[in-house]
């Protein structure tokens, strides 16, 4: 498949079309709104569903093939602030807290980007490891913690780190992912079977509605591009590509399939706009959400969803061929 | 306007805050002496603009009826603790209540 | 099938039973309420789903068989104010704006009435053209615009017509229908397949809950019958029958199936209570919603849903036999 | 199957796991919240779905096999206050209104406990009568009315009993159950078929989300254990076991299957926390919700859901073997 | 503070009540002379704690603009009818309106 | 009642409007000089009765803290532009705020 075919395959899938429709809704000033409670219900559904499927897949997988990739993914995610922070601080000239805050977001992951990546693989008919949803849960937290530690180290003031770790672990997104994992692991294949018509079959349709809303949310922030300055815009487009390459290569080294390595790469490339913002807002209140949210939500997220995913898949061909 | 017969004057403190800090503020308010409060979901526009994220929900408006002393304490605390970094506003209104001892 | 059998077939289907249950809820003063956000979520689901299915059906249909019926449907809808306005103004003695407002509602369409008509055909096992959902999207707007133009002409004052057209096009109901159409057309059969377990399979169940709410909404306005005067009540029952005959005949002339012509007739017979009220409220604020909403929502809508649909189907037998 | 196997089978099913997850969410102080409107939508879905399935099952059942069990169930439920009231009043030393209020709750039923019982039977592969959902609807009301009558008799003041009966009958939970029954009876098998992908297939998944919320709701009240005193805590654990035995035996005498008798027993053992509290709050405002809600919701409900169900099933072996 | 020119002073009565009684209170308020009211969903904490049940929803906040006489009647009625057994609070605030006759 | 020390008096304008016009009113309010506002979903009863439609949602309540001059302008504008044809009410309340310059 040519690069253009890949882009097209991605852009023309209903979830991504709905994302673009959401952007259009903002552009034509439609009065369409997804009520807040519905947005929350959809999130709860998606997170729990990912967790349960991941858990059931772990139980179904033979041996412990998932341990190495998991360890590597967690490590990678934990290390990311070590290079993103300096880039942001010294190349981007952000303040200590702002650099730390942005680093935290890029060192965590975006659940919806993950879903878009797996949707893409399914359309392509390319297989991937079933335990990947478990990765999402594990990759959300470490990078945030490391970034906070870094800021604490550098600025010298003792932020309430333990509090932050508790906040992020008990925060609803991580709680639902891990909780779903538990339900999936304990309930196993048999449990999954009973709830399959709810948690599995309608999943992609629900994702469509969710992405419709995400399109509106992201595009409402497009106008903030000007405020964040050119550096952060470039960062938001380039950094994910570099991260994707690192992630794909890591997957390759762990012996994962091409599909799995591509998903891992996309996860590494993605920036959190759910777990991270909530945690950072409380742990580093002096950091400007105008920087970290705009970069993660209005630049990197739409980029990954539309161009990034087919690009990373094409790039994964460099390692697998 | 004269107070209605049998009623006493108290203060109602209103706080509008981004949701990420709303549960904390609820605890703060009780700790500072309020005997209760009422909250509603709210949205809003102000000078600071951006919030944590949509996933956190919008603003929460909290209203609590208290004595002037407690009102003063709450406003002071909001100013010290939240005004600088969080999207929070606070103000007071004079109210008249029956059975004021419920709020003391 | 006898006329009575048809009425029974319609009334005893779960969606219509739920509509009646909603009316009952109001009558016995139940505290049952469908939360506003749920009502909005159900609407979004239904509209998007209709659009996507219509779009995919257009792509699946061979040739351009849908062009003629579409053109005719749009034309018909655009012409409707030309006779409903004078009837309302001179027979009904409504003011210029009130007559224009009511005409706008009857010259647009009701999405839920459309759904009830197709449900009925499915219960009957009668086939119909797959592109019909696209018709719904196209028939919502023109009649409203023409009615507004008419009022502007007659009253001499220049209403902000362009604004109104924008309002109705960017309005959530039209936006979702057209947006869904686009997603369906671009995503095609293959896209539909992925979202089928969400957007297609549970559709009739969702419609049940929606109609439960509509029953409550409509019956809460039953008491306004007295306020609108006898003319509008008669109008609300008779006009749809005349319109249905026109619509069925138009379908017949276009070479549509009996099922398709019946659906077209039902669409023409239906009155909008979603896109039209929102637009009219802003464009003609001096018009009394007590007239147009009561007629469209509390008279014509329940009539079509219960008696109208089997009646129109029986009437379609006059042309097809 | 050993008793332990039964407990495990129950605890490890996804709905119960989600209930435990909800308790965990409260314990770790997660900020997870199910929005109120979603909770209400899920309830409406579950109640309507139970009703429709029950109604369709009644139509499908041959003869009038359901009449005897129904009559017995209603009678049993109506008699319950006659022994629970004295126990609460004289052993528990509650005031007249408090004893009456608690008695009313235990003489009504919990819909979700019913669902958990049938989920359990399905996991076990044990058959049960299809008309059982109809029982739920019928067993909600009589016990509440009798308890109110009793209080009225004893306290001598004439409570607005007719009002209360109207409140509970038009109350949303009873209205939806009975309304669903009607839709199911009138629409029959054929109607059910159309709405099956919405009302039947995803049911257990929806139940998971609902129980996640119920876990949070129940556990938020755990701290009230202290306030209700030791008697009510013991009552909340022991009374259900006695009631379960009575119910199972009654089912046995009516010639029901083991599965059906077990479900009847579980229903009798369950305490209402939906229809009863709303009615009692208005009819006996001086009764302390701290007693009746804590007992029904924070003690008996979690007990039945986790230990009670496998226990009652094991106990049903005493009669059937 | 002086009233703005052309405006008249009236009372706004605010009632926060557990949802189980909110529809009744809406009827009461109109019967006692209010010409309208506005309600919002609310949650809250107070001295009484427990409510009927989650299934009933949380609190409802009702605000109605009325003459001082009607305000007095409403507060009296709330006190007599609801304060003892239900989770209900009520208070008044002075407001200034244009076209006061809408509220009389 | 005396203002709390260090606080300044301002006006809070409250507008309850049928949802179909609420976004317009939000823009109006900012254009007329308000520096921010807070909105909540509301339902209500009044003299006019019917609204556009359920699909549009119910009412929106908007509260904005402004100087007396801006308050006067907003009320005047509401009266001229909305009162006749739309279900809209507006009134003011005296409030006390810290750091009044945020609202000027």
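As written, the chain order gives the labels A, B, C, D, E and F, with residue 1 at the start of each chain.
In the analysis below, contacts are C-beta pairs under 8 Å (C-beta built on N, C-alpha and C of every residue); 3 or more make two chains touch, one makes a residue touch a chain.
These numbers were taken from a predicted model, which means no experiment stands behind them.
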| item | value |
| --- | --- |
| Target chain F, source chain D, minimum contact steps | 2 |
| Most remote chain, CA-based centroid, reference being chain B | C |
| Far-end chain from chain E, centres as C-alpha averages | A |
| Separation of chain B from chain E, taking each centre as the mean of its C-alpha atoms, in whole Å | 19 |
| Cα-centroid distance, chain C relative to chain D, in whole angstrom | 41 |
| Centre distance in Å when chain B and chain C are each reduced to the mean of their C-alpha atoms | 47 |
| Residues within chain D bordering two or more other chains | 31, 35-38, 40, 197, 201-202 |
| Chain B: positions in contact with at least two other chains | 40-41, 93-94 |
| All chain pairs that touch each other | A-B, A-C, A-D, B-E, B-F, C-D, C-F, D-E, E-F |
| List of chain C residues in touch with chain F within their complex | 36, 39-40, 43, 173, 217, 224, 273-274, 277-278, 280-282, 285-286, 289-290, 293, 297 |
| Interfacial residue positions of chain C with respect to chain D in the complex | 12-14, 17-18, 21, 24-25, 28-38, 119, 122-123, 197, 201-206, 208-209, 212 |
| Chain F-facing residues of chain B, complex | 9, 11, 14, 16, 40-47, 59, 61, 68, 71-72, 75, 79, 83, 89-94 |
| Chain D residues touching chain C - in the complex, by the definition given at the top | 35-38, 40-41, 44-45, 48, 52, 169-172, 175-176, 179, 182-183, 186-188, 191-192, 194-199, 201-202 |
| Parts of chain F lying in touch with chain B, wherever the complex brings them together | 1, 4-5, 7, 10, 12, 26, 30, 35-41, 65, 93-99, 102 |
